[in-house]
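Just below sit the structures, each encoded as structure tokens.
Shared between the two complexes below is chain A, which has chain B as its partner in the first and chain C in the second.
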Partner chain A sequence: MSPSTDQENLPAVTRLFRRHHSALTPLLLLSPALLILLFVIALPMAFSLYASFTPYRMTRPDSIETFIGLRNYIRLIGNDDFWAAFLRTLLFLAIALNLELILGLGIALLIDRVTLGQRLLRTIMMFPMMFSPILVGFQFKFIFNDNIGVVNNALQFLGLADQAIPWLVDGTLAMGAILFAEIWMSTSVFAIVLLAGLFAMPRDPLEAAKVDGCTPWQSFRHVTLPFLLPFAYIAMTIRSLDVARAYDIVAIMTDGGPAGRTELLWTLIARVGFDNARMGEANAMAFMASLLSILFTWFLFTRLLAARRTMGGVE
Partner chain B sequence: MAAITLEQVVKRFGRDEVIHGIDLRIAHDEFVVLVGPSGCGKSTTLRMIAGLEDLSDGTIRIGDQVVNDLPPRKRNLAMVFQNYALYPHMNVRQNLGFGLTIAGEPKEVVAERVQDTAALLGLSDLLDRLPAELSGGERQRVAMGRALVRRPEAFLFDEPLSNLDAKLRVQMRGEIKRLHTAVRTTIVYVTHDQVEAMTLADRIVVMQDGRIEQIGQPMTLFDHPVNTFVAGFIGTPPMNLIPARIAGDEIAFNDGQQIPLPDRFTALVTEGQSVIFGLRPDHLCPDKKQRETGTSLVEIPLKVHMIEPHGAEMLLHARLAGQPVLGKMYAPRPVAPGDQLTFQLALDKIHLFDAASGRSVTAR
Partner chain C sequence: MKLGSPVHLRGFATWSGTFLLMGVICLPGIWVMISAIRPTREILARPPIWWPEDPSWANFARIFGLGDTLVGIPVHTYFWNSLVVSLTSTIVALVIGMAGGYAFARYRFRFKNAWFLGLMLFRAVPGIALSLPLFILWSWFGLIDTPLGLILVYVALNVPFTIWLTDGFFRLVPPSLSEAAQMDGCTPWQAFWKIEFPLARPGIAAAGIFAFLTSWNEFALASHLTRSTDSKTLPVGLMDFTAQFTIDWAGMCAMAVIIIVPTLILTFFVQKHLISGLTLGAMKG
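Presenting the complex of A and B:
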């Protein structure tokens, strides 16, 4: 049998593959991953983007075929509920991230100084992360309950309050209660990352600072803190994505109430999309919400790169 | 600039005592080098002077002030670390000026002193660089500059040259010596390298196992080591140390070879005493060089089994009474392993140590 007849007998795909053997191999090997990405992320995203240009309601499936361009987005600009949720989410992010950073830094610094039982403390510190956010939400819903909650009970028992404080009913207090739950659950993320930073820190510059005349506070401010900054930015990036999509704790504790006072972007989006079945509008909101996350990530990463550059690392 | 005094200083880590009550007086403007093998306590001693380690017992004084309980920042000392310990996020200018800025000096003063110090150390073109952008030698100079700029009571150097390559080390050694002459100041310098100690020090402190073995000027230590440890530690190549016995007017080696006992030792040793015979390789030579110096010589035949050419001279490995000995040939000529050579042994240069205590028989 001559080679040419051999070629002719093979299926067309195999012949094509043989001819472009080297060029196609990488693509072929990558294709399972690419296909999964395509079906799991790219196509749903494209569909969602398309849906944001339609008045799609799940109760009327044919509405998906009506193209209305940017009308959903233009409507959002005048939607006060949306902007209130947007700003509230921004505020929630800012307060949660900063408080978690400060508390996490404090915990990391304290645990770093502990010599006996440090491993045990590190494990205990991570306990809050082991619970589902839904359960944390329930836990704090009961803790802050105005009739049977532990907080009110304790306050009244100690004589610090003479009547029940409506923790989850008053708008501002409810926001505070949700923040408290969020911070309780996730401060250890900061503590762990910053503690890793402290462990990685060379001791020599600290000793040099002592001899150079630094007080403990000055050593911390001028030597330890700059070293920890890249670690803080990494933790902040992770947590900003986490907090920006906050839904579960809020849904359980207040469900956006009272009267929308604790509505965050994703509780609003879920309400519009699923409860009110206005998927088109919800998709438009979701893309705006993603913009916020991208903005935060971009900002924090820029700072991270700058900090790492000055710490002598490579980008 | 001030004197530093250590009195009966003891350091314990938990139950382990690592420094056993050392006494040391470092004079104003003196360059003192603490030298010894690793683990001898030299770095711990320096860190106690700096205030980075607490004393377990004893007293440290800087000038007239007892500083035992004074935190490092109040001792007004400057320290150069082995790993440079530069602040990685600050450029050279900020690294140099940090101590002064912290001390609240006005900006113009800081800028001026930083400029002066940078000029002195040849760092003027590097002021805006970060430590990561500097070579090892440049980082070393910044570390020294950071110490210099503050004009402290004393400088503490903790093995500052051990991370540099051989050539740079010699160069920086010269630089440190030059600096000490230029800015007369008290320096305490820790190293495990006895060459550094010999070349830099006004006085050397030889330490071992948390004790001071001997304090003295470099040549005093070289010529009159008080015990076998100092004899073996100071000088390269190290002194030959061979067990022997006093037999009448002779020093008898274990294999029956004998050399005459010089007169200066007769009153210091007893008949039959076990001793360690010490002689530097410089004074065990198979050529004529020593004869011209007019010292009294004994001839001793030794079989050479290894040769180390060093260019201007040649080290010869041989055995005497079953012990390895080193000899030195000042005018190298072809020698092959296995050759039997007649070595000249300089009697004036012999050291004798008591075998039991290891102490020199001439030491009080």
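Presenting the complex of A and C:
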């Protein structure tokens, strides 16, 4: 909203000043943000794009000046490690995000029904969100350790397993453990935002549905769920901004092992770029990973706007 | 459904079930905290020792280099670096982001939604992907392994989200208040600091704490842009324990507690504002 609603009461000079002023002010206010983002994110991204057209290796500094066109990208197309990591990352995100949404919705619905001690529950709910990804990774590396981990200890103590289960040593189990860590960390984002949605929901439509003879499932499906949709998109959008945090978890839990079975796109980028010092190739991957992330976030943001429009919300 | 006890019973079942579930969710974190106060011998014990028999603060004293055991990991330096980097980047991001959020909340300009979306998309770049070019550029600019290098990066990471949150909170303050103050002779600058800022303060505090947590917890960029005690932060320092020949589980658990406790305390105070900021800011864009 513009700051001058009853302009006609103001003297002409002030009015003129205000009109001129408010055209420039937003740009002025936004310029520090733009400057820092251009310098720290846009400039490096542009440089990353350039470096992806060179055979740059940090051991040979002048190789940054050699231009090899799309050769890095063409090499990526035939690179099985890259495609394996790429598909694994997609699968990982698909499973993690869907489960987080469903579990988060379940937790939000449960907490919404509790009246006594709800504040305490909400505080507890935020507990996993406060853990940095590196801590979450360490925590589950500790818990899933095959020798001293509490999971194996408990399973053996209860007689559910007669020998240690190699949680982080077996490829499939390790991927499962990483997924578990990721879901543990991020479900609360969904739960928190969806719970806020439940609080914001007007009670009248639900009452009306009850009067009209809807079953609890019907009123959930046709009243609650549509109302929660924009909130689900908000949570998804927030999550989409930091899905790459899974890098931290994998880096500490398995570092892509055993034998590359838990390698995600992000750990592969770090390995090729920093460990193998093949910066040109790594930058090609990094640039593609960034583009995908940006497109994913952009898609969710537009869905968020569309969902709000169908809600008849304020634009 | 009949009257009386079955309903109450079901209500009680939901209630206790919910509390139990939330408790179980917290267990992994609590287990690390419990392990932080037990000696290594107990962590490695077979058969397992479930409850600490010999709790002590020895692990904390040890990783801070107090007492007679020598630890090669300068945790207090990492703590100091984390604090300096996180606090500085939070304050700068807050000032810059608040200006941006105010612009979105109060002014009409062309392509406003596109600007907003564009700014948010900067945040979507994965940290590890950004770390490659930043590593090269920062080493050319002499910013590698300096607190300033990290601070710049964290300011940029935090600005988009701070704009999102503060935009939402400034919208909640009616513009008429500031206008009235300006009629009474305040400059727009004075009106902002005396009226709008105090009213939006809970939300701004939440945005600040969120920014602090992001910087405090960040690993992907910090692990590649820092090298030595000059700038290594706590999350990077945590990896020092695994880089050694054997993993020092007790030390790592103590370090984990040192990282998590400040974040738990901070979030406890602003949780309400944080949630409303996220949803309001996004609902009324």
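Convention: the second predicted complex is superposed on the first by the 269 of 315 C-alpha atoms of A that agree within 3 Å, B and C clash if a C-alpha of one lies under 4 Å from a C-alpha of the other, contacts with A are read in each partner's own complex, and residues count from 1 in each chain.
Basically, contacts are C-beta pairs under 8 Å (C-beta built on N, C-alpha and C of every residue); 3 or more make two chains touch, one makes a residue touch a chain.
Since the structure is predicted, the reported quantities are computational estimates derived from the model, not experimental observations.
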| item | value |
| --- | --- |
| Simultaneous placement of chain C and chain B on chain A, clash or fit | fit |
| Touch count on chain A, higher of chain B and chain C | C |
| Touching partner for A:Gly273 - first (chain B), second (chain C), both, neither | second |
| Which superposed partner A:Val223 touches (first chain B, second chain C, both, neither) | first |
| Lowest inter-chain C-alpha distance for chain C and chain B in the superposed arrangement, angstrom | 6 |
| For the chain B and chain A complex, residues of the former touching the latter | 50-52, 71-73, 75-79, 81, 83-89, 98-99, 102-103, 130-132, 146, 150, 156 |
| Residue ranges of chain A touching chain C (in the complex, touch as defined) | 1-5, 22-23, 25-27, 29-30, 32-33, 36-37, 39-45, 47-48, 51, 56, 58, 64, 107, 110-111, 113-114, 116-117, 121-135, 138-140, 142-143, 148, 150, 153, 157, 184, 192-193, 195-197, 200, 230-231, 234, 237-238, 240-241, 243-245, 247-248, 251-252, 266-267, 269-270, 273-274, 279, 282-283, 285-287, 289-290, 293-294, 296-298, 301, 304-305, 308, 313-314 |
| Parts of chain C lying in touch with chain A, wherever the complex brings them together | 14-15, 17-19, 21-23, 25-26, 28-29, 31-32, 35, 43-44, 47-48, 95-97, 99-100, 102-104, 106-109, 113, 115, 117, 119-137, 152-153, 155-156, 159-161, 163, 175-176, 178-179, 213, 216-220, 223-224, 235, 238-239, 242, 249, 252-253, 256, 259-260, 263-264, 267-268, 271, 275-276, 278-279, 282-285 |
| For the chain A and chain B complex, residues of the former touching the latter | 202, 204-205, 207-215, 218, 222-223, 226-227, 310-312 |
